[in-house]
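Next come two complexes, and both contain subunit A; in the first it sits with subunit B, in the second with subunit C.
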Partner chain A sequence: MQVFITSPISLERHLHRASVFARRVILIEDQVETSGAFVLHHLIKRSLSIESSEIVIFVALSKPFSHYDRILRKLGCNLVAQRENGKFIFIDMLKLECPDGDEGNGVGGGLIDLYRKIQKFVEVNASTSPELNRCITVMMDDLSLLEVAAKGSSTYVLDFLHYCHTLTSENGCSLVVLNHSDIYSSKTGSTLILQMEYLADVVVQAEPLVTGLATDVHGQLTVLNKGAIDEHGGVRSKLHNFHFKVKENSVEYFYPGSRA
Partner chain B sequence: MAATRSRTSSFSRNQSTSPLSQIPGIKPGPNGVTYVSSGIPDLDKILGGGFPLGSLVMIMEDAEAPHHLLLLRNFMSQGLVHNQPLLYVSPSKDPRAFLGTLPSPVLSKDEKSRGSIDQEQEKGLRIAWQYKKYFGENQQNSDRNATEYCNEFDLRKPLERHILNAQRIECFSIQESPSLSAFRDRCSSFVTQTSRKDGGTISPGRIAIQSFCAPQCCYSEMEWDMLSFIMSLKSMVRSSNAVAVITFPPSLLSSSFSKRWQHMADTLLAVRAIPDEDKELAKLLTGYQDMVGFLHVHKVAQINTQVPVILEATTFSIKLQRRRSLVLERLNQAPVDGSSGSSHDVSGSCSGGSKSSILDF
Partner chain C sequence: MAETICRALRDGSLAGEHAPALTIKDSIPSPFGFDAFTHFLCSLSSNICAGKSQSQGIVLIAFTKSPSFYFNLLKSRGIDASSSSKWLRILDCYSDPLGWKDGVSVSSSTGTLCKNVRDLDGLFSSVLQLGKEMVGPSKARFSVAIDSVTVMLRHAALSCVSGLISNLRSHDYVSCVFWLIHSDLHEARTIAVLEYMSSMVASLEPMTVAAKELRSDSESIFSLKQYSRKGKFHLRLKRRNGRVKVLSEEFHVEQAGIKFSVNSLTNDIVSQSLLPKVQFNLQLSEKERSDRENVVLPFEHQEMGKTTEIYDGRRSLSNYATDLSTTSASISEKQHSDANIVGKGEIHYLRDSDDEEMPDSDEDPDDDLDI
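Right, the complex of A and B next:
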């Protein structure tokens, strides 16, 4: 731990030691006051970087493509070009709505269609270039909106998540999901977030500072890495805690109190 | 002229060439965001320009006082002054009646006072005449923008009839539509109308929805439907030239639903009334007698950027200046009265009082 204090902390170290191995589930949790979307942007950028051959399937429920395009451009990643290359697949689900009533296959229909779409992309990519063995990352920018689209039936959303989870084990995809933790804080019927936390290998929580907002410190990040391998070769979960400051082209991470 | 021109850096954006700045009521901002005014000059300043086009603004109401209507009225009036189409949705039976309560902009007096300010500055600047060109230019620019972009409103004077009649105003009563789908269709037709370009000029639409989850709407059993309505409204607005403002009483929602609503908002504000005779607060804050309530800024829209907007203060006092125009000010702590004893002193400065603990300075 002491080693990091002198050197600038990189989120890479804590997140990606995990996701070097595929088949990871990363859950990002945030709150009304502090958005955790920057972790998502960081992961997109990293997955689409030149040295990695990953493919990102992005299911957008809360923000349109133009929003991500502008942000990622500032981070040094051209989403339009990546989309044309086929490395970035953007599924616009802003208008996702599961029809209620008896026609079609009911509330779950919309989610089943969405899963089929994702599955098709995964299979196409797996079949076209099996020798490359490209890693596929499925990202979802707001899971709570999926619940809204399913009219609150979290069973369907859970089913959907479990299907997506099988993708990680069968096809070696990784899954990155953003959700809001404060929605579920009232302890009543919040199986969704508990199940997500159970499935996740890495949980990243973005929280505001208890002392309020500051210009130098935008919030606190807690990274729980469940599958970290320690020096003795044993598997144990590791908890890291640091503060962050979001900038247009990067995010600064530092230990609490190390910033004057 | 040459001197002033050379002063501007080649990296600064040339505002005059942007076609948007020619349309009154629209202001270009950073990250390709376009702002429309909230109708309250101070709120525009706080939010860094106003409400971004394509965003969803939510105002959490006070359970007991109609302070949200102050914000809503100014927002609607400002749109009408700029000749922008408006869709007003209300839980009352006759939404049109509300239009009669909209405030009218302060015009002549405002310009007069501005003129006098200019004159005063003229006098003051005579000494440092060599700096005059710098001041002059800035002053003119900001003045012109301010008068066009955001008006001050006189809350005592209703908006003139001819403005109301000339406008494209649509009113809609939620009470009359028991299902949300009719409401949604209404919103989507309004939004598609505004996104169409009329002769090359874009006039942004404003949607004002008052007390969305009020019991009169009979939606109380349809929590998920309301959320899904907000979600679709948000996606509608995002891809168009419109701003939607929704006010809602969070006390009527369960805490987890209230959080869901708050997550939906791009810009999240809350208003709170202050009790009439709160001696503790009166001692704590200066200008207490002029205050009508507090405004909390919970979230400022983050469109096309990942950097959060950090404000210097998140709580502002709502004041009525000369009983007519709405002013937002940062809270000022009153100088502690020496005779009040040390115990009170401590509780005051830490805002440890039971009532004031919700405020932050």
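Right, the complex of A and C next:
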């Protein structure tokens, strides 16, 4: 609980510690030029590592299982095996569409079903091994597609997120959500991303380099940890800035200026 | 100044007046409104526990945090949570606000569960019911706290929300009402409506405007946002007679909660940044000032034993010529005598004769313009 995402570099150091993100909401914001998906891959790999007893419930809205299986295999993590032993629960929502009209609960109906599905998995896993007190992480790979499925109604998406948030306080889950920061016009539609920023405990922002393209640096990562607790017990909002390079089977993180 | 708010909430309302209402608003550059909210909640709680306040209890409408969170919070702030059943009721709009958890047993032992937050009339009556249960049949009053009007506005229209708040304010049993809102998630008019209904508006802002600008600069240059747990706390107080008072303070959010301090540091920063950057001195030194005072103005022959003559522009040219000679003579004489006096300034004034050949004739100067 005390160790949070202070930096990807030190994050690696704390890999073995379980329940790092318990009861926390992590928002990953990316842009069209710089995908933040690698942060999600990193978090999946970390949660499913041998030392960790976490369970991942993955709500896939943009990419199929085979995609994640291929990537995670390169990173040294077998998703098929993890799925079989129940540590990785994949909810395929690629074809999620919320029904129109008055049948059921209208547009919100699809999201209610999705939430109940997640809740069922959480409760089953919490009740089967309460002695282990396993931390459950709910991940969503593209929140904007949820908004598309809900016919563009951010209210339903926010209601859905609120319910997911109740899982963090009631069942000790953590929530990892990826969203795009550049798809909202700055004047009107930015409330979803703003609401998410209010909700999140950790905001990870992936952006392209302002100075333009570079071969050694693929982008920069800004990590804002709202409730970091330092060694003296005081609260500090920690803000870190890194450059990164996404390689075939790993990601390199380094401080700005430390690469030629 | 935060004390002012605590006192106002403690003292409650006068008979025949609306209950005092407090809006706490923040925005994403300084998102510490919830810390301020809990600060006022805890201060009111301790006042109620000590029996110092008008209200006998609090009804908390919880939208963003679970009831257990609030109980833990009060415990951690040293407020006796065991007796809280006597003075605190939580209307749980967090756990299952829309009834999605239908069919699954939802245990809310700590708060009263509200399963349809869209029904604000129902919400209003359950608030009153909880309040009356708590304070008993006596005419005692209770306070109402709403931890996020932002969420409430997502579920219901502005007119309904403002109606609810206004009903709460004007109710006989309500001592005070306070709520939190995130100002950047709503239109300006929404915020204005809520501010009209409140007697106090507390807003949390980042340290300085300059800091905000710097922030965006650094964002573009170094891509490093300044994220500070400090900020400015503005309070606008509306008195009953219509007088409006604006106060400002600083806050700092720590683990133990938000701390308020009256600090002149900001004023220094503000005045420094407001003062224009000029290349020359705006003020005179002591020596320059005394020198300036010593300058003899050309219109008066001062301290020379002569009568004071002021040029009134109505003398003839011949008079003027003699006068000019005596004046220059007296000046040279004076220069001799005062040569050893340091810092005695003089201005030599000679009339520009060419332009004023005929001084002050009655001729219209614009005569040739042919208007």
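Rule of thumb we're sticking to: the second predicted complex is superposed on the first by the 237 of 260 C-alpha atoms of A that agree within 3 Å, B and C clash if a C-alpha of one lies under 4 Å from a C-alpha of the other, contacts with A are read in each partner's own complex, and residues count from 1 in each chain.
Everything below uses one rule, namely that a residue touches a chain if its C-beta (ideal position, glycine included) is under 8 Å from a C-beta of that chain, and two chains touch if they have at least 3 such contacts.
Here the structure is a predicted model, which means the values were calculated and not measured.
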Return fit or clash for subunit B versus subunit C, each positioned on subunit A through the superposition. fit
Can A:144 be said to touch subunit B (first), subunit C (second), both, or neither? first
So in the superposed three-chain picture, is A:215 touching just subunit B, just subunit C, both, or none of them (first/second/both/neither)? first
Looking at the overlay, what does A:66 touch: subunit B (first), subunit C (second), both, or neither? first
Applying the document's definition of touch, where does A:78 land relative to subunit B and subunit C: first, second, both, or neither? neither
Using the touch definition from the top, say if A:116 reaches subunit B (first), subunit C (second), both or neither. second
Between subunit B and subunit C, as viewed from the CA centre of subunit A after superposition, lies an angle in degrees, nearest 10, of 110
Answer with first, second, both or neither: which of subunit B and subunit C does A:34 touch in the superposed model? first
Under the stated touch criterion, which partner chain does A:248 make contact with: subunit B (first), subunit C (second), both, or neither? first
Touch check for A:207: first (subunit B), second (subunit C), both, or neither? second
Shortest CA-CA distance between subunit B and subunit C [superposed frame, angstrom]: 17
Do subunit B and subunit C land on any of the same subunit A residues, and which? none
The subunit C residues in contact with subunit A across the complex are 28, 31, 65-66, 68-69, 94-98, 100-101, 104, 151, 154, 182, 184-185, 220-229, 253-255
Note: in the complex, subunit A contacts subunit C through residues 108, 112, 115-116, 119, 123, 155, 158-159, 162-163, 166, 169-170, 191, 194-195, 197-198, 207, 210, 220, 222, 224, 229, 233-237, 239, 241, 256
Which of the residues in subunit A come into contact with subunit B in the complex? 32-35, 37-38, 41, 64, 66-67, 70-71, 74, 94-95, 97, 142, 144-145, 148-149, 151-152, 180, 182-186, 188, 190, 212-215, 218, 246-248
Enumerate the contact residues on subunit B facing subunit A in the complex. 31-32, 223-225, 227-228, 231-232, 235, 238-239, 254-256, 259-260, 262-263, 268, 298-299, 302-308, 310-311, 314, 360
